[in-house]
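Both complexes shown next keep subunit A, but they swap its partner, so subunit B is in the first and subunit C is in the second.
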Partner chain A sequence: MSANPWLATGNFYTTYKQEQKTFFTNLDRSVFTFFLVILYAWPLLFPLGNKYMLIVDNILIAIVAVMGLNLVTGFAGLISIGHAAFVGIGAYTIASFCRTIGDSHILITHLWPLLIIFSGLVGAVFGAIVGLPALRLKHLYLAIATLSFQMIFEWTIQFMSFFNQGQTIFVGRVFWFTGKVGRKDHYVFWYFVILTFVVLLGFGIRNLLKTRYGRSLIAVRDNDRAADAMGMNPGLTKVYAFALSGFFAGVAGALHAYVYRGVGFESFTLHESIGYLAMAIVGGLGTLNGSFWGPVAIKFLDLQVERLAETAGQYLPAGMNLATALKPLTFGLVIVLFLMFEPRGIANWWRIVKSYMKMWPFRY
Partner chain B sequence: MKNKTVLFLNALLVLAVMLAFTTTANAGGKVYKIGMSLAITGPTSDAGNPYAKGTEDYFKFVNDTKMLGDDTIDCTIRDDQYKTEVTKRNFEDYLDQGIVMYLNYSTGSTLGLKRDFEEEQIAVLPASYHSGNLIDSNYIFLPIVSYGEQLVILGEYVAKHHKGGKAKVALFVHPSAFGRGPVADVKKAIEAGLNLELVEVVEHGKDLDNTAMLKRLMSKNIQYVISQTVQSPVATMLKDSSRLGLSASSFGEAGKLTFLGAHYTGGNDLIALAGNAAENFFWTTSFNITSVPGEGTEKQLALAKKYGRDQKAAESHNYAAGIYVAQVVTETIKRAKEAGLEINKKNLYETLNKMNGTNAYQAYSAVGPVTYSKTDRTGVDMAQIYSVQTGVFKKVGEPIQSEYMK
Partner chain C sequence: MSYFFQIVVSGVVVGSIYALAALGLVLVYKSSRVANFAHGQIIAAGAFITYFLTVTVGIPIFFSFLASMIITFFLAMSVERIFLRRLIGEPIISVIMVTIGLGSIIDGLIYLTPFGSENFSFPEFLPQNSLSLGGVSISWTQLLGVIITFLLIGGFSWFFKKSTVGISMRAVSDDQFGAMSVGISVPRVFGLAWAAAGLSAAAAGCIIGNITGLNFETLHAFGIIVFPVVILGGLDSILGAVVAGIIMGLIQQFAGGYLDGNFGLSGTGNVLPYIILLIILLFKPHGLFGIHEIERV
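Right, the complex of A and B next:
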């Protein structure tokens, strides 16, 4: 290791373990800790209105979901275009509890952290089941298999009266140590909860990628036959990639249910699945920080285009419905531009900025 | 000297910029904030767009003509793209702004935000006439008779005018709570004695051809198809029926199909979509329509003209519906002011609940008086049946109330 724990002036690794450290220097660790403190402190110092806190919460939930999608599509190379359905599985797990035991039952209102994790596990089970075709299918064929899961999910929710035929199933207000979380604090409270999940799950992925299980994901993505020859089990790896992805999606869905205090079908449609995929692509497939950049970029773009479409909608002829076309047009254009000019996503820009900062001021 | 001039000019510039960004103060009057969230883009925006324009124009008219004295209404209208998530965001934004009443749009978002309305104790007028909005809710006020009641009114009309035995009917509904909800009301009315036989309930998809469905209905000797959906699937069905020679040329023609529909199935847009196939389509709503001229429609057209709306928007029944909710809001504020009450959520809610009996309000856009109370959450309790005759909707009788929904 470097003699100076604050500034590395070269590569002094002597073991693989050292190379796999999360923070290479004390400075890295301090900057990260400082950033984390800011993330936790800013809502208390600069309180936002409920509208903006809801947007922030929504972005964080998308980050959790996209981290899952990145595991299966980015790291394991298995295309999934039914990710919103997995998110829906998590949300409808909470909704099922509400329908069965009542939305104000103590399990819903007090033991919500356990329920969120349980929803993740249910998502993992469904992920593993949907992942089974991955043993036989690849590429586009696998994508179609995940699409069919999306269709089955949508049909089931829309036609089963247990799920209120897709209409909102309410979720009760939760309790914290300070008592019931009321309207005023609702979105700030969930900001802290979701942020905690993002941090924990982010570290989870970071650490997973250092293990043989994480490396096997990448090995199978790059060449599953070679991975097989190296003693890995590509089939099992693919199924567990889907299960892991399902877990993240399930957690995101449960968080969505609690933040919106209700579960409705329209948040988990194919359109949302495409949205998650777009976030992963724009952020950078196969990178952890891409899972953060993508949702932030796409959600902000969404907001801006929404405003533009709204303004255009006031002036453009209603019959032609041109304003409606603006959103999908912009959305599609951004994805195409990223695929053409920056297929490695925003994460690559981040890498470039980091490299530049390493050189300045004379890091090495 | 030169520096002083530059300093003076800079100061002048700063002052000008400050003035430019200073909100125009409303001399002496109060500003009442109202929020509206609806689909200006996305699904159903063909209805939401004129609806928004109606509301916007009427509130402009209220402010321009000083209907509330020096006080003005500031209604922010936001697009929600027919998505509950976006509606919720808009609603939270409006609450942050301090709205005193809220205007919503879709059935899904009205049901989805019901608890928020209860918690905030804010009166809400949606564009959804789904009776389920009223379950477990104290703050949602249906503007006009529910979809269920509209279908039962059409059913009663069929039962009354059908020649022969019991009329065989099919319901053609949207695959959502909006479409499915009223089916139960029709079934209840039949159980209560409405002389109809409900043979089939069809949940339409995104079919571009209804031949198979229409042939099936014919094979079951169905004579009447009552729709609870939006205009485009109805237009597709009407065109297919016309092409197949299955459409009745007059109400209840034996061996043919007579088509009827609730509020969102009809209007001028249906005629534009279906053309001649819309002929003899029976439609019910609680709003006046411009093809049946009257005092209300003249005012509607004058309002549209005043604010430069095109003919399509001006003649839309959704434009009338938008005017209607703005009229109710304005009247509620006016009455609260006259009673010396502070204009806030609570007082407007209570004032709205007193809008009944001799205090009923006659909005020019509607066919009957607006009545609300703690037990009556439906504004206009009657509906008018119209039918397409020579390319325009004409009145069929006078506004009626349902016998079986009382």
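Right, the complex of A and C next:
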């Protein structure tokens, strides 16, 4: 630790214990607290309409899902093209409760935090099962195995009448200490809930990466044979990584089910899986803060494109739907451009800014 | 019994289309180790270019078929030149995502045209009545499709066996440094592999379009269904693509013909390939004819 507890120009660790601290300087801690306060306070100070609050909720749910994807694809280096299916498993866990005990049973309306965690655990179990091929397969073959899981999931949901053939299954309104959460407060209420989940899970990942297991994830990604030689178990590490990512996805799915007050098949398609991958890449694979930047950037872009298509649509013949064309176009362009010119994603820009701040007033 | 043979015939028809669609994927993977997730979009683009040339411009269908093959040849080559060549040596996730991104771009471009949302069908140029043999019927379009498929696959096999360019492509897929040391331009071979894949994709698109009608969703779904096929056949074997294509076609048609409707099942033809894919990946990941390059961890 540097002599100055507020500003540290460089690393001054003398023990491993110090390196594992969550905040290195008091400045870090106060900046983090400041942002946290702002994140919790702004919806109360500047209330947004339900339409925009839904978008914000959506971004936060995507952040939870992408944190999980980043764990498996970014840190463990296992490509998963089936992440939306894991999210779907979380959502359909809630949905199957609704189907069996009714959508306004006390378990669903009052004990929802437990149910969300439970959905995460179900997601983790499925993640571990799907991760089993990772014991034998690598790279492209593993990617295709997860792809086939995605297709099997889609078929199962559409085929089984228990899941309403993929049509919407309704989820009841939840209760808080102040009573039933009404239509007006719904999205704001869930904003706070999801934000809490994001903060807790974010801390979870941050701490996980400083543990033995977190380091072994990165070791396995970089060279699994060397990791094996150093006494890690690459196979088990990979299966755990899938299980953990399944947990995050399951939580995201459960939150999705509650926010939309319904579970429909179309939110968990292959297209969504690719969307999550794109968010992870644009944010920056293998970085924690990339999981925050990516969803914000992609969803914001989507919103802008929609708006642009709406404005341009007024000057075009009525039959043409510009949004369906522009959305994949910009989405593809963003992926390709990021991979070609900034493969480390937005997190890299953040890193540059941060290291500049740390070294200031010196250049390096 | 004729029901059984009818299913066999339609299985072979569907299977040979899968084989042709898978061929493009195998060609690219064989030389440059890139799994092309934009293949379905290239198939669709080829089919729509043919339609545009035939109906809007008014060229006879045979010539527009050839023209669209040439156009996609250069299209795929330029895609490789502009996007994929910068990514040589990058991690596999980047390469996969670039092809997915390219697919998305082509999606967007096709949605800008009327082809994205409406259904079209090629003008009829063959006799409408179907050929009937002992209770088993096959339409002329299907027959022609199968014949063209096998001609193309035979042509490609000959090309790889005998021609200088084909041999240099095989050399690159075998050992890139070795190929370089005997004076083969590896980037050029990559470009040619993409071009050949584009050509075969256009042919596949035209044949599918003639048999099932032109619908963007259907055509672009072929880009995903080829993955079970190529994994079953082995990712880098042309023979594997043909055999696995026909096996997959038969499996799909048999599932549709015998499983659907019984045991309360439906749409099994769409999911069975993926279940088989998972089983193959677990027990024989290099497929029927692929090179054994999988390592255990």
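As a working rule, the second predicted complex is superposed on the first by the 341 of 364 C-alpha atoms of A that agree within 3 Å, B and C clash if a C-alpha of one lies under 4 Å from a C-alpha of the other, contacts with A are read in each partner's own complex, and residues count from 1 in each chain.
By definition in this document, a residue touches a chain if its C-beta (ideal position, glycine included) is under 8 Å from a C-beta of that chain, and two chains touch if they have at least 3 such contacts.
Owing to the predicted nature of the structure, the values given are computational and were not obtained by experimental measurement.
**Q** Tell me the contact category for A:158 with respect to subunit B and subunit C: first, second, both or neither.
**A** both
**Q** Applying the document's definition of touching, compare subunit B and subunit C: which contacts more of subunit A?
**A** C
**Q** Contacts for A:336 in the overlay, against subunit B (first) and subunit C (second): which applies, first, second, both or neither?
**A** second
**Q** If you stack the two complexes on chain A, which partner ends up touching A:267: first (subunit B), second (subunit C), both, or neither?
**A** In the superposition, A:267 touches subunit B alone.
**Q** Using the touch definition from the top, say if A:327 reaches subunit B (first), subunit C (second), both or neither.
**A** A:327 contacts both subunit B and subunit C.
**Q** Tell me which partner A:139 touches in the superposition: subunit B (first), subunit C (second), both or neither.
**A** second
**Q** Check the residue A:298 against both partner chains and state whether it touches subunit B (first), subunit C (second), both, or neither.
**A** A:298: touches no partner chain.
**Q** Please indicate which partner A:128 is in contact with in the superposed arrangement: first for subunit B, second for subunit C, both, or neither.
**A** After superposing on A, A:128 lies clear of both subunit B and subunit C.
**Q** Looking at the overlay, what does A:254 touch: subunit B (first), subunit C (second), both, or neither?
**A** Neither: A:254 stays clear of subunit B and subunit C.
**Q** For A:198, using the defined touch cut-off, is the partner it touches subunit B, subunit C, both, or neither? Pick first, second, both or neither.
**A** Touch status of A:198: no partner.
**Q** Which residues form the common part of the subunit A surface touched by subunit B and by subunit C?
**A** 158, 321, 324, 326-327
**Q** Under the touch definition given earlier, write down the residues of subunit A that touch subunit C in their complex.
**A** Those residues of subunit A that touch subunit C are 73, 77, 79, 133, 135-141, 143-145, 147-149, 151-152, 155-156, 158-159, 224-225, 228, 234-235, 238, 270, 274, 277-278, 281, 285, 321, 324-336, 339-340, 343.
**Q** Using the touch rule from the top, collect the residues of subunit B that touch subunit A in their complex.
**A** Of all residues in subunit B, those touching subunit A are 40-42, 45-46, 49-50, 78-79, 81, 83-86, 88-90, 92-93, 95-96, 108, 111-112, 114-116, 119-120, 175-177, 180, 310, 312-313.
**Q** With touch defined as at the start, can you tell me which subunit A residues reach subunit B in the complex?
**A** Against subunit B, subunit A makes touches at 49-51, 54-55, 58, 158, 165-168, 170, 183, 187, 260-262, 264, 266-267, 306, 309-310, 313-314, 317-319, 321, 323-324, 326-327.
**Q** Residues of subunit C touching subunit A in their complex?
**A** For this pair, the touching residues of subunit C are 35, 83, 86-87, 90-94, 96-98, 100-109, 111-112, 116-117, 224, 227-228, 231, 235, 265-267, 270-271, 274-275, 277-278, 281-282, 285, 294-297.
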